[in-house]
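Here come two complexes built around chain A, the first alongside chain B, the second alongside chain C.
Right after this comes the complex of A and B.
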């Protein structure tokens, strides 16, 4: 038996709740992983993409002759070469307010962002393909580019889509209560103009595909690192005019995705078209520069919010608008992320009056899609900044203001001010209280003035957050016009030897899926984890999943596994009862053992029952042979995870650089299946949040040229840039999910931007500086300090000690 | 992200390398540690027809001290400079600056010669070697010549090295008894190229006044000697107000260039601040060593 197993009081083996190291870690860290780049097949050809160097331009002509003539080149395709075969991918999340748009595989007459696909070359080797690509001559006629989403709203700004009468893809209104009345009676109003920077998921592994057409069976095998394999299969089928069952989507090991691999991409289609035309496997691997330019970016929003409060600092209402920059076309997720932003503005707070206009606009930048947090960090930042602004305005401590406004445990289930979300469970003040206690809030507050006298500018920043998990009830997805389903299935097969195989539609992207599902299955049967195998990544074997991995949905897969195990246990009990000549009601299933109640030695083992089930020599009347089942779980509601972070920073006012002192996290994702995985997910999420707040930004110049196309310029946080995390948990089970588990994959990334900003503003309180724009760079802080007169004669460090 | 096709030569001696450079100099590139050149090849920012790989020239990797001159072979890896006791004694500034270059794996491959010749405006070696008054010996089939670093480096990644020339050696005057050196930089993250960097080498007179001051700084364009700052310090006892005046001079004469990480004003300010901090360190070290 594996080391981590533990016997509970009942003598039963329990895996759930144990910090079991991920079973995938050892092979992956030992180099046994098989990633997309590792897939090589006989006769394989290599595809490269020619991308637009222009942000916005007419394509006057494309000359591919020299490239086609190069030895080793099998094909060069432009849009003109594939008039029939390139049906664009539709957008998945299409509320009625969203204008029609789709993701075209190749630009035909016009390019709309640097990096847009213009042509592909397919050749014997990657090198030949890249050399031939250099020989393609495209003549462009430059058009004025839109890079600023606010300017793109102006009526005379350059139009991205000729078919539209402006650049607005959608305006989604949230309206609840009487917000104007709330502001009319307010004792205090605070407001802010917020900028959330364009940045992106940066998985260690870039995108890639291998497509292989089998002319004999007329089937397509498609290796993809898509987070949504079943959905992709359906969409490929539509675009390629094939039945779903002619396409098998396989997923190798995936080196991170974080949402960026959820979108549909042009290269998926192009590789399929190439393999079908050429009859040979075709591989495309994105390089990092392409990744910077054409894998989805995220988060960019310019927001204006106002908050009304009464004399005691109770929130009366919030109103405002968020303008989101979608880039050059509507992503697969439509305006999903932006909708989530609007829907999570109320955060942990009790108020009823809310009005928000969520405006999504096209510009000549890379498409913006999903990234861990999916709209959540974009609402958390302004809301938590407003809380601190309100605290300052009222002259109360920011923690105290939050306590006054938090939804209480007894208020649950709580319908929020958006009118579209209902929180299930949670102790919001409890999480804040615990975080303050851990960090030693009062003591730090006492020390602060003394430190300032010594020239140490120390600040404390609080960030409370909510995280909508287990995305989501299918009917709810239908209501919000999400053109796919939210359920998760699990198949379990117990083989004739009695060992368990779990088939899941989830795709392991680093979130420990194999381990946590094995823990669940092992506990369901009371067996060793090593006796459970988890199979994933092959649509020909694994259950259909309309949504795929993302949306913090592991808890749905876990419930499906529990339900499937339940079914098989019932069947094994019936078979054992028949064999033991007892009533099924008298047969107990414990620790992988079936016995008649009161006669523990009488029983059968799981392998014995499995053998009986497979032999089928003597089964109960009407019982089907074999042991296999599939269960599908569609959640009745969302599980809302939540928590609180408190950060402590020192700011060097001479340089504007900040230094982490502490970072405290209290998270509640319900009962934890694997605390080690939870910890890893939180730490990774916080690191990404910190990166987005301090370092990462996709910068474009005025002509729409990307200034950040490598890790030289796009700065990711490294080990040196993140604090030591101090983590604790509260446990509020979700009533919607068996076991009460909530999702937790995105919790960590919600609050860090607010924490960092609040801490810096607090540190620099003597200068009265506000920080509402991300990223917060040392240059920006220094400028603010200078403008606030922080340096005696306002000039330079030369005069300051 | 693959380089365009190139031929590869692997000479085993300097004379072999020089012959190759003489034949192909205009269309060839020397490759040393590859830490700057390989990324440029992969981005196809440079597309040389041949690469002349000088990693076989093992006798170009050395650190020697002779008659008050520290001689460093062009192929000496940055890591060796960081670890060398000879460097620590003869040019502590160089050792200190090396620790700010990237990360260990890059310093294991990257050479001092490659870094100097790549002459990234934000790199540590050009500014440090300029401050130390170093010179280099270069060779071609036409003969050898010696170039002061001040004449070697030009703005924007350029140098006065001819296409057929090979860098052989860097020579640095050994730090005297009464000198004190310090390096200060600011980078966004640990190991990043500097937004601004300042190197100082001070020679103290018996009175406590500074006899000789060498100050070099860089802020995005090119390493430059800060001569006004040097003048403000030379002959002075480094009081707070003198240091303030030196920093103010540095701030005025530095030629910063802004980019997405830092604008010109900020870099100018940082040069003043780094000057202040480097001077404080050098003066403090000096005071410390006198007390011992």
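Right after this comes the complex of A and C.
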């Protein structure tokens, strides 16, 4: 066996639970991965996009004559050139409170953000296309721009959509219990004004497409890095007036996505239009500057929350409002992320009274869509900050306040205060207890005052989190007006030689899909992982999946694989029984071997049964030849993962710089399929969370010009910015999923912002500084320290501009 | 735009003569003219390190260098890093063992940078690894797994030392 497995006590080969190195790695480390930019075809043309340099302007005129005249240019398209073909992509998540909007492929009379698509050039080479783009002349008449979501709420604020009464795309109210009564009887009320910064998924590979129209067969082959290939195919079919079965969406290796490649984008449609008109393959690759301007941003919310508590510090209710900046149009996910924010505010805590207004507003910035965590980090930050504020108000330790309020294991399943979520399983206090134990919480608390005397400002920050995984039951998606399905399918074919091929609709984005599904399939049949191949990335072969990769849904695909394997095992048992002249009830299937119970040496191997099934010379009455099946799994409920992070930081009060001392993580994603992959997902998620908390922000000036358009001004975490991750696990299986697996792709990113902020506030407790706005840069901290009088006792402070 | 220029590049031990526009980057020449697509472009402004290759044995950002300026140089890309065609460089195996890659897009640049470090300094401290690798961005792993992989190779002493190799010619697809 090339990959390491273990024999269990029963002698069965088991792969599930083993840290198997990924089969994806050999080609990727050799530079043999095939990403979108690597796809080339004979006769290929190259498309580039002319984007708006204005945040908000009327388009007065567009002159494309010089560009069209350039040798090597095949076409220049503006909205006026494609009146019939530019059917916009609809929004997928459309609650009734959301106003109608759509994603237009090219601006016609008005641009609404810097980076909006105005024209495309298609030419023989990328260089010619770029040169020709320089020759297009667009006259704009500038309009006042909205960059501040709160100002965009004002009645006289510049309007983004003329057909709307205001800039509000949606107001979604959460109401449960009697929140006003809870506040009336509260012994303590704490509140906060929170800013969650606009930042972005920022995968290392930008977006791109290759579209190839075959006029003779009237079929379109569309290479895409979309996380939602089936959904994209359906949307393209509608937009292009083609049947679904005329479109084949192929996915190459994808260089990271994290939500940013889930949205539908203008370039998808434009490349299809171009290849249909020109009859040649058309490729478009985004450059990094374009990525900053036109791939979805995320997270930006301005929030006000209040929490009511009784004398003992038990939460009585929470109320507030979150204003989310969607940018210049409603993203494919609608107000999905913001809804999740509202729905996860209760976090791990027991209370019943809740009221929240989730307000989504348009501004003249890039569209804000999905990013790992999908609304979760945006609720975790304010809620975990409120917990620390409440602890301070009551004079109790922040860990103790959490223990007093956490939902207990015996409360499960627990319907939360939003009235729209039911947690399935979990030991929330157990995770907190374990994290405190790992970090040595009590000792650190004892050391803290002594360290302060030495001028070392050390702080501890706790962040408890929940993570809604296996997204989600289709009927539930219907109830929340999500215009797609949540199930996941798997097809398994055992070939005539007895080897297994698994077909999945999941799109691998770096999460180890091939390896983990091969582990599941190998265990299901009790065979070597090398005997399992996993096929993905071709809608003509792979199962339909309405949702796509995202939403931490691997566990659904795994269940589908297990169910499909069960079907084939049952069929092989029937065929073996027929051949061995035994009753199927007496035939057992173990380690890829079928034998009559009690006579283990007398049976058939999988290859032998496969040969019988394919030859079909002697099958049981009514048995269909071959060995193939497809199973679809629609989960009956969500699997809620959860956990607790504790961070320890030192803050240099002279500079506002912070240093990681420790970072402890206790996560519960149910049983782990591959602990190596789980660790990688957690570490990567935490790093992204830290980036959003300390470094990353999409900055716009007052005119709506992006100030962050390169990695020189948008800082992502590097090797220097991350702590050592100390990780442990609890295991609470989900009752909804075969094997009990919960998703874990997004749990790491939930809590870091709260951990960072709570730790810094704790470190700077002598100065009474609160940190409720992200990102927390040294500049911000230094100013807060200065304002708090930290430098007034004669200690000189370094000047920071 | 004007005037193609003849250059010669020795890539992974194989000699190439090509005509390039003066504005063509080394990265584009390697990828588009010669088919070495293991060299990836993540930012095209020298900030992410995904395009790291070796020029005359030292790591460089191939997106920031013009192909014409590399005339006459010996270039090593990820495809040519393994000592011979069939086996892996120890770092390639260590990256897999420690799950130091997820999407794999930054990985060729990471490995080329780390391999350069190890040939110059076969036993770096963890701090030296972090400092050296600080110019390469990874969005997936959170970096520590990469540090573990590089330290594993550093501690085992398995990385080949710097030399003036004359590797066997190898072809690329």
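Going forward, the second predicted complex is superposed on the first by the 792 of 801 C-alpha atoms of A that agree within 3 Å, B and C clash if a C-alpha of one lies under 4 Å from a C-alpha of the other, contacts with A are read in each partner's own complex, and residues count from 1 in each chain.
The working rule: a residue touches a chain if its C-beta (ideal position, glycine included) is under 8 Å from a C-beta of that chain, and two chains touch if they have at least 3 such contacts.
Small disclaimer: the values here were computed from a predicted structure and weren't measured.
Chemist: Could you tell me if A:720 is touching chain B, chain C, both of them or neither one (first, second, both, neither)?
Modeler: Once the two structures are laid over each other on A, A:720 reaches both partners.
Chemist: With both complexes superposed on chain A, which partner does A:205 reach: first (chain B), second (chain C), both or neither?
Modeler: After superposing on A, A:205 lies in contact with chain C but is clear of chain B.
Chemist: Looking at A:215 after the superposition, I want to know if it touches chain B, chain C, both of them or none. Which is it: first, second, both, neither?
Modeler: neither
Chemist: Touching A:254 in the superposition: chain B (first), chain C (second), both, neither?
Modeler: A:254 sits against chain C, while chain B stays out of touch.
Chemist: Contact-wise, after the overlay, does A:287 reach chain B, chain C, both or neither (first, second, both, neither)?
Modeler: both
Chemist: More residues of chain A are touched by which partner: chain B or chain C?
Modeler: C
Chemist: Regarding the shared-chain residue A:131, is it in contact with chain B (first), chain C (second), both, or neither?
Modeler: In the superposed model, A:131 contacts both chain B and chain C.
Chemist: Kindly classify A:699 by the partners it touches after superposition: chain B alone (first), chain C alone (second), both, or neither?
Modeler: A:699 contacts chain B only, not chain C.
Chemist: Taking the two structures together, which residues of chain A meet both chain B and chain C?
Modeler: Looking at chain A, the two contact sets intersect at 127, 131, 287-288, 710, 712, 717-718, 720.
Chemist: How about chain A: which of its residues touch chain C in the complex?
Modeler: Those in contact with chain C are residues 21-22, 24-26, 28-35, 37-38, 127, 131, 202-206, 253-258, 287-288, 509-512, 676-677, 679-680, 683-688, 710-712, 716-720, 722, 724-725, 748.
Chemist: Which of the residues in chain B come into contact with chain A in the complex?
Modeler: Touching chain A: residues 1-2, 4-5, 39, 43-44, 186, 188-192, 240, 244, 247-248, 250-251, 260-263, 265-266, 268-270, 272-273, 275-276 of chain B.
Chemist: In their complex, what parts of chain C are in touch with chain A?
Modeler: So the residues of chain C in touch with chain A come to 1, 21, 23, 31, 36-45, 47-48, 50, 77-79, 82, 88, 92-93, 95-97, 99, 101-108, 111, 129-131, 133-147.
Chemist: Using the touch definition from the top, list the residues of chain A that touch chain B in their complex.
Modeler: Listed in rising order, the residues are 126-127, 130-131, 134, 287-289, 654-657, 695, 697, 699, 707-708, 710, 712-713, 715, 717-718, 720-721, 777-779, 782-783, 786, 796-799, 801.
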